[in-house]
Amino acid sequence: MIIAVSSLDNIIRDLVIANRILAKEDVVDAYGHVSMRHPDNSNHFLIARSVAPELVTADDIVELDLDGQPVGDEKRTLYLERFIHAAIFETRPEIMAVVHAHAEDTLPFGIADATRLRPVIHSGSFIGSEVPVWDIADNFGDTNLLVTNMEQGRDLAKCLGGNNVALMRGHGFASAGRSLIEVVRMSVYLPRNARALLRAKQLGGRIKYLSQGEIDARNRGYSPYSTETWRAWEYWANRAGCGHLLTRPEG
Amino acid sequence: MIIAVSSLDNIIRDLVIANRILAKEDVVDAYGHVSMRHPDNSNHFLIARSVAPELVTADDIVELDLDGQPVGDEKRTLYLERFIHAAIFETRPEIMAVVHAHAEDTLPFGIADATRLRPVIHSGSFIGSEVPVWDIADNFGDTNLLVTNMEQGRDLAKCLGGNNVALMRGHGFASAGRSLIEVVRMSVYLPRNARALLRAKQLGGRIKYLSQGEIDARNRGYSPYSTETWRAWEYWANRAGCGHLLTRPEG
Amino acid sequence: MIIAVSSLDNIIRDLVIANRILAKEDVVDAYGHVSMRHPDNSNHFLIARSVAPELVTADDIVELDLDGQPVGDEKRTLYLERFIHAAIFETRPEIMAVVHAHAEDTLPFGIADATRLRPVIHSGSFIGSEVPVWDIADNFGDTNLLVTNMEQGRDLAKCLGGNNVALMRGHGFASAGRSLIEVVRMSVYLPRNARALLRAKQLGGRIKYLSQGEIDARNRGYSPYSTETWRAWEYWANRAGCGHLLTRPEG
Amino acid sequence: MIIAVSSLDNIIRDLVIANRILAKEDVVDAYGHVSMRHPDNSNHFLIARSVAPELVTADDIVELDLDGQPVGDEKRTLYLERFIHAAIFETRPEIMAVVHAHAEDTLPFGIADATRLRPVIHSGSFIGSEVPVWDIADNFGDTNLLVTNMEQGRDLAKCLGGNNVALMRGHGFASAGRSLIEVVRMSVYLPRNARALLRAKQLGGRIKYLSQGEIDARNRGYSPYSTETWRAWEYWANRAGCGHLLTRPEG
């Protein structure tokens, strides 16, 4: 049992690291959040209470169910948009971690309709060949654009479908990964891919996107705890000032 | 009376925090300023003496009247453009705080006449559906572009009208809020909204602006001391190195 | 005499501050330099030996004559391009300080010929209504683009004429001011003005440049040691980590 | 022998500095690497084990042969793409150092086919007049875009030919220099040259590229340990927090 507790401790520590990385890499500011499915109960997930990701500590992590409701006697204020996470975990059993953020350079692709966001750089491959754009207005009319209930969350999850990322018009994006490290990495490289595509368009001419075969080849080779994947996680954690929180699975 | 003094102290502390946040978030540099209406005298307002916002401390805060003149025996040099604040407080009784700044990415929208700045992202909704552009040359001819008297200030306030933000051609912007936290937030997200719109235009095609209904819905839900609003204030204050100055209203 | 010595010490300290500010504000990197005419001998000027501006200390300041040759027994390596400074000081007796730098966002305006760099923001007014572009190839053919002798320096100074800034094609710019504070300020706001103009062009439509009358009005009001001017100098010096070196003239 | 050891120590220290500089200047992030030919055995080269460049220390440096295989009993995980380095060192005997990186602003030029990357600024001259674009898909079809064997490495080296830099479509670039300082410098200024060209295109009109004569003139004047070259190395090392590791050749 001590081992199990310790394992959960490590997972919470990883979630704290993920929060800090996303803040340091300008994926989130005061807003945006990252969650993990609970390792011992696939009907629950872990996410911070309502606090800026850069300030998150282990004590801020709460446990929610797949309706976005707190487990136990949690009294603290929760993220208004926790339903994004709940609905994606509900709809996609293979998904282990979710990010929602407003990373600035993804926004234009949800606002202008002439260019679809697709992978143009190898580190952007994990966003997948299709990045749907969800517009909350399509089914909910005039709202404050926030996903504040399960119905909206499920509508977003439906638009996301089997893809890894959905843009949210005038708001940001939701990304879903098979591991925490994967979803953080995807969320860091998503804006970079967006910038590369925007600037390539400015240069003009034909754009060479990654082919479906290339996207597939990269997916096949992906492993969340390979040396190459860990290298980025370790680097970003150190940059975010929490290298001391790192625990490697085999450790 | 001790409580009243303490309350004013807290308000001044908030104004110091606002100065530091605006500096850290690149809204102001050596120039630009933020003010608050005096809590006990709606005909006065608080603003720093002529010093860079990043260097402002509580001792730098001065009290001015709605003609922009100092109250009491204040001998220190004042901001040349304090009349922007005075005129807006004079014209708009509901306004509690004002920012004037030169945030770089707002400038193109005051210089080029083909694209009007409007909200395209949810965090930009508070700038409102109309952002007028004030050109000092229209009524004052060739000036140094600074708002250095009440006549110019009132002309700007007239252009601002009932809106939240006015761009100032070749110069910057003035924003007005119902609270200090609101005006700081608006001033931080204004340049982000500007960048998102500029880049969406570069991508081409039709731009999806926020609808009037969306802007209204967001306004209805806004509360200066909600958990969500406080989250950003707390985050920005910490980033600006003055988390230790934070005082929450109920505290 | 002690006072004179002290005065020179203060001037050298200001020159160190100027070096650090230009580095911190991304006007220079390892390359680029700033100089001041010698206060006691208008035929000499002060500039660092060949070292990156960010690393300059008082001991690095050397005294050169208007041919760019060292005064006294100076043995250290000098900047290859010191002739830019020598030639401008030679040609323009009213000029007290010179900057040469490669600030990135000024470069496009020396490379593309469709848009001339002109003031569009009030803080850019000091670059003046005319910013000529000097191309070393016009009179010297294929060179390494560096200004490495007086003939080239004088050719650049001739192109600069009575203006405040000349762009140097594929290389950077030279700016000339009536005081050190003025030339530093001009050099910091020059790239910002360039960015504002580039982005305004991207938005499209008619560009509103500052009028000649506005440029003149701003020039008339300029004073190197006004509170407003000092405010920026103090701010930038603090950002650059050398607030402790500040000495105000009256002090 | 002690001297030889000491010399190798200095070289390894330089390689550590190069890693840190490339990280600090945003040329690499967790990915990308820099190598040096072994000073005592031109059939070997030195490069870090698989770790983020910002975290590299002397202990991380490994010795590989020109097939990219480790020398001795090295058991640690190596960079997957070490074959880029091996193949360039194999093909180009005069090359002493190689960088592979994904610097963001070089990417658009490998994705869009309308504008070729060429030198437009003097500090960009060292990339040379021809920057070929290598597309791994041309000869290897759908891959994960990584250069993971000698065959791919040699194909890239063939595309590079006698040039200094090759862009890699959707991936990054490889640069080759006559010294470590040269290749670091080239890699830092390559993205700057790319940005200057992109923005010059946005301004419109005719672009003035560096002439072949100018590129040649700059090459002729280049020396890896001149005062001017050292100035940048010293500056970048200090910025990267490892000024204390600097050793000058004559020292």
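When the chains are written out, they are named A, B, C and D in that same order, and each has its own residue count from 1.
As a convention for this text, a contact is a pair of C-beta atoms (placed from the backbone, for glycine too) under 8 Å apart; a residue touches a chain by one contact, two chains touch by 3 or more.
Just so it is clear, the structure is predicted and the values come from calculations on it, not from any experiment.
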Minimum number of chain-to-chain contact steps, chain A to chain C
2
Interface check for copies chain A and chain B. Shared numbers divided by all numbers used: above half gives same, below half gives different; which is it?
different
Cα centroid separation, chain B vs chain D, in Å, comes to 46
Where the CA atoms of chain C average out and where those of chain D average out, how many Å apart are those spots?
33
Going by the touch rule set out above, which residues of chain C reach two or more other chains?
201-202
Where on chain A does chain D make contact in their complex?
120-123, 125, 192, 195-197, 199-208, 210-214, 216-218, 220-221, 227-228, 231-232, 234-236, 238-239
Complex interface listing, chain B residues touching chain C:
29-31, 50-52, 54-55, 77, 80, 102, 104-105, 107-115, 135, 137, 141-146, 169-171, 198, 201-202
